[in-house]
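Please go over the structures that come below.
Paired with subunit B in one complex and with subunit C in the other, subunit A is shared by the two complexes that follow.
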Partner chain A sequence: MFHKNTLRYPFYVTVVIVILTLTGIFSTFESREVLEDYLTLATVTLGLMIGVSAYVTALPMRGRLIAVSVNSLIGVLIPTLALILIVVLDTRTDLTFVFQRLKDLNPGTLTSGKIVYLDGGGLLSPLRDLNFADWITVPGVQLQGFALLLLFAVVVAGFVIVYIHFSRQWRTIIFISLLLTVVLSLASGQLDRILTLPDAVMLFTVFALGYFVAFYLPESLWLRTISGFSLGMISAGALVLLVNNGALDAGGVLRGIGSVPRILQMSINGDFIVGDLSIPLSVFFILILGVIGAFGALINRAPRSVHDASLYFALGLLLLGILQWGDRFRVNDTILGVEIIWNRPEVGILRAIIIFFLLCMAMWIVPRLSIRAEKTFLRVVPVQRHQTQFIFFAISMLVLLIAPQFMGLYISNVFNLIALYTIMGIGLNVMVGYAGLLDLGYVASFAIGAYTLGILTKPNILTCGGADPATLENALQTCTGVMTFWQAWPICVVFSAVTGMLLGVPVLRLRGDYLAIVTLGFGEITNRIIKADDFKPLFGAASGITRIPSPVIDLTRFDEGWYAQLNNSTSIYYLFLFSVLFAAFVVYRLANSRIGRAWRAVKADENVAQAMGIHLVNTKLLAFGVSSAFAGLGGAVFGASVQGIFPDSFTILVSINVLSLIIIGGMGSIPGVVLGSMILIGLPELLRELDDYRLLSFGVLLVVVMLIKPEGILPPSPPKLAEKEQVIHG
Partner chain B sequence: MASEGSTVTRRYNYLLPLLRSPMYTIGAAFLVFLVVVAASNVLTGEYTPEQFIQQLIFGLSQGSIYSLIALGYTLVYGILFMINFAHGEVFMAGAYMGFFTIYGFQQSGFLQEHTFLALLGTLIAGMLASVVVAVLLERIAYRPLRNAPRLVPLITAIGASITLQELFKLLFGASARRFPDIKLYVFQSLFEGASCETLRGETICRDGIDIVSGIYTINLLGMELTIRPISFVVFFVSLAIMIALWFFIQRTKTGRAMRAVAEDKNTAALMGINVDRTIVTTFVLGALLAGAGAVLFSMIPGNGQIESRMGFFPGIKAFTAAVIGGIGNVPGAMFGGLFLGVAESVGPSILGLSNQLKDVVSFGLLVLVLIFRPTGFFGEVLSEEKV
Partner chain C sequence: MADLLLDVQKIQKRFGGLIAVRDVDLQIERGMIASLIGPNGAGKTTFFNCVTGFYVPEEGDIVFNGRSIRGLRTDQIAQRGIARTYQNIRLFKDMTVIENVLVGMHIHIRTSPLGAVLRTPQMRREEAVAIDRALELLDFAGLQGKGDLLAGNLAYGFQRRLEIARALALEPLLLLLDEPTAGMNPQETDEMMGFIRRLRDERDLTIFLIEHDMKLVMSISDQVTVMDYGRKISEGTPAHVQRDPVVIEAYLGSSVMQKGAKDGTA
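So, the complex of A and B:
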């Protein structure tokens, strides 16, 4: 019935829950709604925590129903009772002097009081406004709040009892799907403007059509491409006909949505005019669907990672459409002649359920399809493999190029941030992942890049040849040193590489730990210097450097119209994209060269590497230089994109963010860096309200990842040197 | 280096590093430049002897706190060969506990009645809190990784440091807190009756010398010195603690066990020493010193901003101090802390820089030490090969 950890595990979880409660996590999360009017984040968090407690407690008893039930009840009740104790303590004494963020805690906060909020708020809504001061004075009258909390705990326990009897695979699937559903619901406010449901369904259907039809086709590359393409075109043609006849419009699909589906709309609307040419937009529409169909047909014969990524990407598009549906749905609509009144909250629930089931299905089916795709891929001849990979690359480039047209300013901004951290992550990865040197002052090189750009592209003491620009009459003419972005960025890159190496020289002869702390100091010192009043004429002290000119693409000498100023987040996106690709390309080539092997050798064992003839200091210095150079590149692009840099943007938090993302993503792997920055940078941007807990979770993640999976989520594949040799000789 | 080359090179071999490494030359040139700037500032009278003595006293008191923290780094390093990045947070925990304790004493009136006992209680409470944090840290974050590659425990330590910082910020709020005003009068028999005087616009009445928040003007050899007695108190209390530590390491059985484990873990285990327990003891000792340092640090008026990032700079500086003295070397850490404290307090004004840049000075010192004497002034107790 019991095992030796029956009390120990719940106790550990309780300690964690109590600490988090004292940080005010529930009162912070209460204002964030997962399901409008039904569920707040506070409830989800509480459920998750006591659920984990019940799960770990009951897991050793799996298969014995009674024992599982008893254990999971113990697992939920211990933390819940501890919480009740805190609530009582909080009402009796004032804890807010010590725990400043702990405010008005009551069981209503913990379960948000909304979870059983059935008929328009009638049944249990009084529970939301329980005043526990009353309860304390009149004992035994208003126990409902605590009863509700206990009821909630028992419900969670019941869920765990069912959940624990699924197979291991399904447990993983359900857990991840639940988490993703919660995240998507939380982020729906930011994500619901990207793609409309008709667009998403259409794209997904054409993709799936291509994918499944190709199962029955021979393995020839071109046959597949062409048939997928024509399938897409045929569907597109049918859609054009239908839409032009007003069929979809009459069915309410186009009409029922608040915003117009942008891709579908292309099939009826207007012309695209280039010079004298005027092309109907429907041509583009047909072409787009053709490419999607071809992509679907090709993807079922692909390397595993590409295949999975594409499938999840397609699913992501569908989910984006579903998110949009929920928030833009008209209040009442007629479907098949029946008038249905939808309320946003109910749509929210329906939406969450659909998303959850789609995710579950996808996670169950994709690995199966993936095995098949990989097998087929390995059967084809190497030449065609390369061609396939090239086509995938071209298509993903195409997607990345047109993406900002759909994303809108906010999401583009998030993407730019992800790109910025990807550049820096790729750079730091050279140091930490390849060469095994821990750099904690990465922000210094970043700051040097940004400030170099700021100084070179603005009139100041340096660019005006020693004169103060404020005293000059016509600063722009006199200051001959002022550069454009394109002239300045190579200098930024080189300058931060050189400063990085200069710092490295005294330290790199020593053990790694010294490097860590010296770079940590260097990062903080850089911040102090740019903040200091001593250097105000150059760095602007606390007010920073403002109004940095945005990069201009000026090709007017070829054509009058070719002039673009990259001054908003959708246009500067292309600069970021280019920089990421550049950084990834350089590092990829370096890592697979002699230098990259030298770095890995140094990381593995310095003494052996030295014995093999690798010059330790030079190799390490090079790693230091390359990594600082990319930080400088990131800094320059960052400076150009935000157009104003302040010392507060260059704190140690930047170093911590970059370090965390490469460690969690996987040291020494470029896909790992991309994934890491999506999770650690992109996700918190979408869940802005949870910002308070961001660094805490980074810290905890660092420790946990190091304890459990030191190689990260996407570790680099081991070098295939031996196999290459075989290919050459055989 | 000395073993190679002819007699000529051997005669001038102290010059060889200068020729070999450009870094030595740059470093030496920089050093000469600093000396020239400092000398010119002194000679032109921009830097007065009064300033020097005041800053020396302040620097010694600040430096003794650095020594206390540096000892924690050095002890752990000597035994585990890892830098305990979260040591600054152990310090911070002590400061928070000290604050809550002394606040409680103040609310209950105990502080006003028995100031000395209250301060002692605060010191002990701070030390205990630091010990709890350090022991948990060792148990959760460091012990499972004792045989992992070097990078792994280093990253864990950074993660633990961030976690502790953020946790304290979320628990106790982001706003900085401050020790209450403490007045502790000694030598009351020397001053009969209350004598009041006005200093810097504040009227101070005293019956005795206020050794916590008092400021006194002393005329010494024709120099007007403004001195805070707290500097001496902090210095001597730290010194006493450090001497106690020295005796503990040298004279007790546990101290001997610690030295044995630092020398060779496996052999020590064979000799019947409980290695795990010895390592925990080391963490406890380091935390005791850090906690004491934290309470002393927060007691100094004008110093005591207690917030979650307060451990960061003292931590880095204490590490610098440990490196200056030779990491792993106990007397070295004591010396290094005092040296750094004085350098940091005297440095900016003797070089004509603003006080904003005092952290830059201590960091520059670290880099210079790493260029010229990477093993520190006293040398590392452990040779590179052992690590």
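So, the complex of A and C:
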């Protein structure tokens, strides 16, 4: 019935919950709604925490229903009772005296008073009208609020009891789907403007059509491409006919709920004009769908990672569409002649349920499809594999290039931030992931890159040849040293690389902790130098360098119209995109050569590596240099994108962020870095309200990842060198 | 005078007050299988570490292939043609089997960082040749078909062989094996013995090994050196060493009388 940890695990969780409660997490989360009117983040967090407690407590008893039930009840009740204790204490004494963020704590707010009620006439509706806040003023007499909390705990326990009896695979699927549903619901405010539902459904359907039809086609690359392409075009043609006959008007078949679809609208609206040529947009529409169909048809035979990524990407598009549904819906809608009344909160719930099931389904079906795709891929002759990979590369580039047209300023901004940290992550990965040199002062190179750009592209004592620009009239013309972004860019990269190597020289003999501490010092020194008043003419001290000119693409000598200033987040996006690709390309190539092998050998065992003839100094310095070069690149692009740099942007936090994203993503793995920065940088941007708990959640995430998957979420997969060789010979 | 490959002249290595290697002289001729034996703590591995540059002896000189290598860095010594294995296997465990061997070829691949980024035709050719050679070495070491496994996942015996294959990838003139049969059963030891012979016969290597297995040492060595308490106490053919009373004493302990005498001198 019990096991040795029956009391221990809930106790651990209780400690965590108590600490979080006292720091006021529930008061903060209470104002954040996951499902409008129904569920707040506080409830979700509480449910998650006591759910985890119940789960770990009951898991060893799996298979014995009564034992599981008893254990999970114990698991939820211990933390719940602790919470009740805090509430009672709070009413008796003023805990806010010590814990300043603890406010308005009562059991009603903990479950937000809402989790149990359904809409009017529902089973539990009487609970809705109870005002818990008043109840606890006389503790010990009226305990309904506590009763509600206990009821909530029992509900969670019940869920855990059911959950625990699913297979391991399904438990993972359900948990991740739930988590993602919550995240998507939270982020929906930021994400729901990207794609309309009809657009999303259309793109997904065409993709799926291409994908599944290709199942039954013979393995000819061109047959697949052409049939996928024509399928897409036929669907597009049908849509053009429909749309031109009014399907997009209010109440039309394709209009559905929500705003006018943007992509679909291409099929009726206007022309695209190049010089004297005017092409109807519907032609582009048909071509786009054709490409998507072909993509679907080809993905059947992609390498596994590409296949999975594409499928999840398609799903992501669909989910983005679903998120839009319910944001700008109309109260009354007529679909196919049936009048439907939607209420916003109900749409929210429905939406969450649909998202949850779609995620579950996808996570169940994708691995199966993926095995199939891999079999096909391995059967294909190598030449065609290269062609396939090339096509995928081209299509992904196309998607990345047109993406900002849909993302809008805010999302582009988030993307740019992710890209910035990806560049730096890729760079630091060379040091930490490949060469095993723990660098905690990575921000130094980042700052050097950014300040080099700031100095070179602005009039100052250096670029004006020693004169103070403030005393000069028309400083921009007189200061001949001022460069454009493109001239300064390579200098930033090279200068960062060189300073990185110079910093590396004195610490070459240090390893592990010692190296970490010394590099930590470098980071701080850099920060102090740029802050110092002594260097004010150059670095601007605390006021930094402002109004850095944004990069300009000036090709007017070829064509009058070819002039672009990259001054907002959708245009500077391209600069970030290019830099990420550049960094990834260089590091990937290096990592898969004798240099990458030397780095990894040095990381594994320095002495043995040296006995294999590897020159330690050169190898390590190269790692320092490459790593710093990309930090410098990141710094330069960062400086150009924010157009103003301040010492406060270059603190140890940057180093820690970059390091954490590598550790969480997977040391020595480029996809891992991308994923890591999406999770650590992108997610907090989308969930802005949780900013106060950002570092806390970093910590929790790090601990969880270290415990469950110490090698990171996407560890590098060992290269298949021997096998590749056999294929070529065989 | 025979063709000397390694000529160690009266080297001495001290750790604080402890003299781990004291005035040891040792000559190895090209094409030989030489062994170094001795009780635990006799200074054998320290001697190896002096030869491969992990330690620099305070006194004496080490001449390899006609040139002194004393004081050179480990990687320089490796480039001169000395490769080694370790008593406790030290593979790059997180790298694949073939990558381990490719690391061994590091000095024979000339690709520069820029060449690696641009994937120049020369770099591709070098990589292809290196992979071919690595596969061939794996075949030779009996590791065919295991190229893409992680080195850390190999069975113990295979790890030993991989360590040797990695050392062979350096194309050394002299191969130092530190207890190649440690932890092996008699059958595996026999296989290893055959493998070491093949190394010498098919690859024209000179081999210098530390070993505890007397049967192996006595049957494959051309020359056996015995160390005890940091000193060389005997040297010669296996037959000579086996009969040497000093060696017997070092291994089996002295008689009561001799022990008494020794205590008196201490």
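One rule holds in what follows: the second predicted complex is superposed on the first by the 670 of 730 C-alpha atoms of A that agree within 3 Å, B and C clash if a C-alpha of one lies under 4 Å from a C-alpha of the other, contacts with A are read in each partner's own complex, and residues count from 1 in each chain.
In this section, a residue touches a chain if its C-beta (ideal position, glycine included) is under 8 Å from a C-beta of that chain, and two chains touch if they have at least 3 such contacts.
It should be emphasised that the depicted structure is a prediction, and the values quoted were computed from it without experimental measurement.
Q: Per the overlay, which chain contacts more subunit A residues, subunit B or subunit C?
A: With both complexes superposed on chain A, more residues of subunit A are touched by B.
Q: Answer with first, second, both or neither: which of subunit B and subunit C does A:Met1 touch in the superposed model?
A: Once the two structures are laid over each other on A, A:Met1 reaches no partner at all.
Q: For A:Asp513, decide between first (touching subunit B), second (touching subunit C), both and neither.
A: The first partner, subunit B, only.
Q: Have a look at where A:Val505 lands relative to subunit B and subunit C in the superposition and call it first, second, both or neither.
A: Once the two structures are laid over each other on A, A:Val505 reaches subunit B alone.
Q: Touching A:Leu277 in the superposition: subunit B (first), subunit C (second), both, neither?
A: In the superposition, A:Leu277 contacts neither subunit B nor subunit C.
Q: For A:Ile66, decide between first (touching subunit B), second (touching subunit C), both and neither.
A: After superposing on A, A:Ile66 lies clear of both subunit B and subunit C.
Q: Taking the superposition on A as described, I'd like to know which of subunit B and subunit C A:Val162 touches: first, second, both or neither.
A: It touches nothing on subunit B or subunit C.
Q: Residue numbers of subunit B touching subunit A in their complex, please.
A: 23, 27, 82-83, 85, 100, 140-141, 144-145, 148, 150-156, 158-167, 170-175, 312-313, 316, 319-320, 323, 353-354, 356-357, 359-360, 363, 366-367, 370-371, 374, 384, 387
Q: Per the contact definition, I'd like the list of subunit C residues that touch subunit A in the complex.
A: Where subunit C meets subunit A, its residues are 52-54, 73-75, 77-79, 83-84, 86, 90, 92-99, 102-107, 109, 111, 113, 115-119, 123, 127, 130-132, 134-135, 138, 147-148, 150, 166, 170.
Q: Residues of subunit A touching subunit B in their complex?
A: Residues 19, 22-24, 98-101, 432, 436, 438, 440, 503, 505-507, 509-514, 516-518, 520-522, 524-525, 528-529, 531-534, 652, 656, 659, 663, 692-693, 695-696, 698-703, 706-707, 710.
Q: Looking at the complex, which residues from subunit A come into contact with subunit C?
A: Result: residues 585-586, 589-590, 592-598, 600-601, 604-605, 607-616, 622, 626, 718-723, 725 of subunit A touch subunit C.
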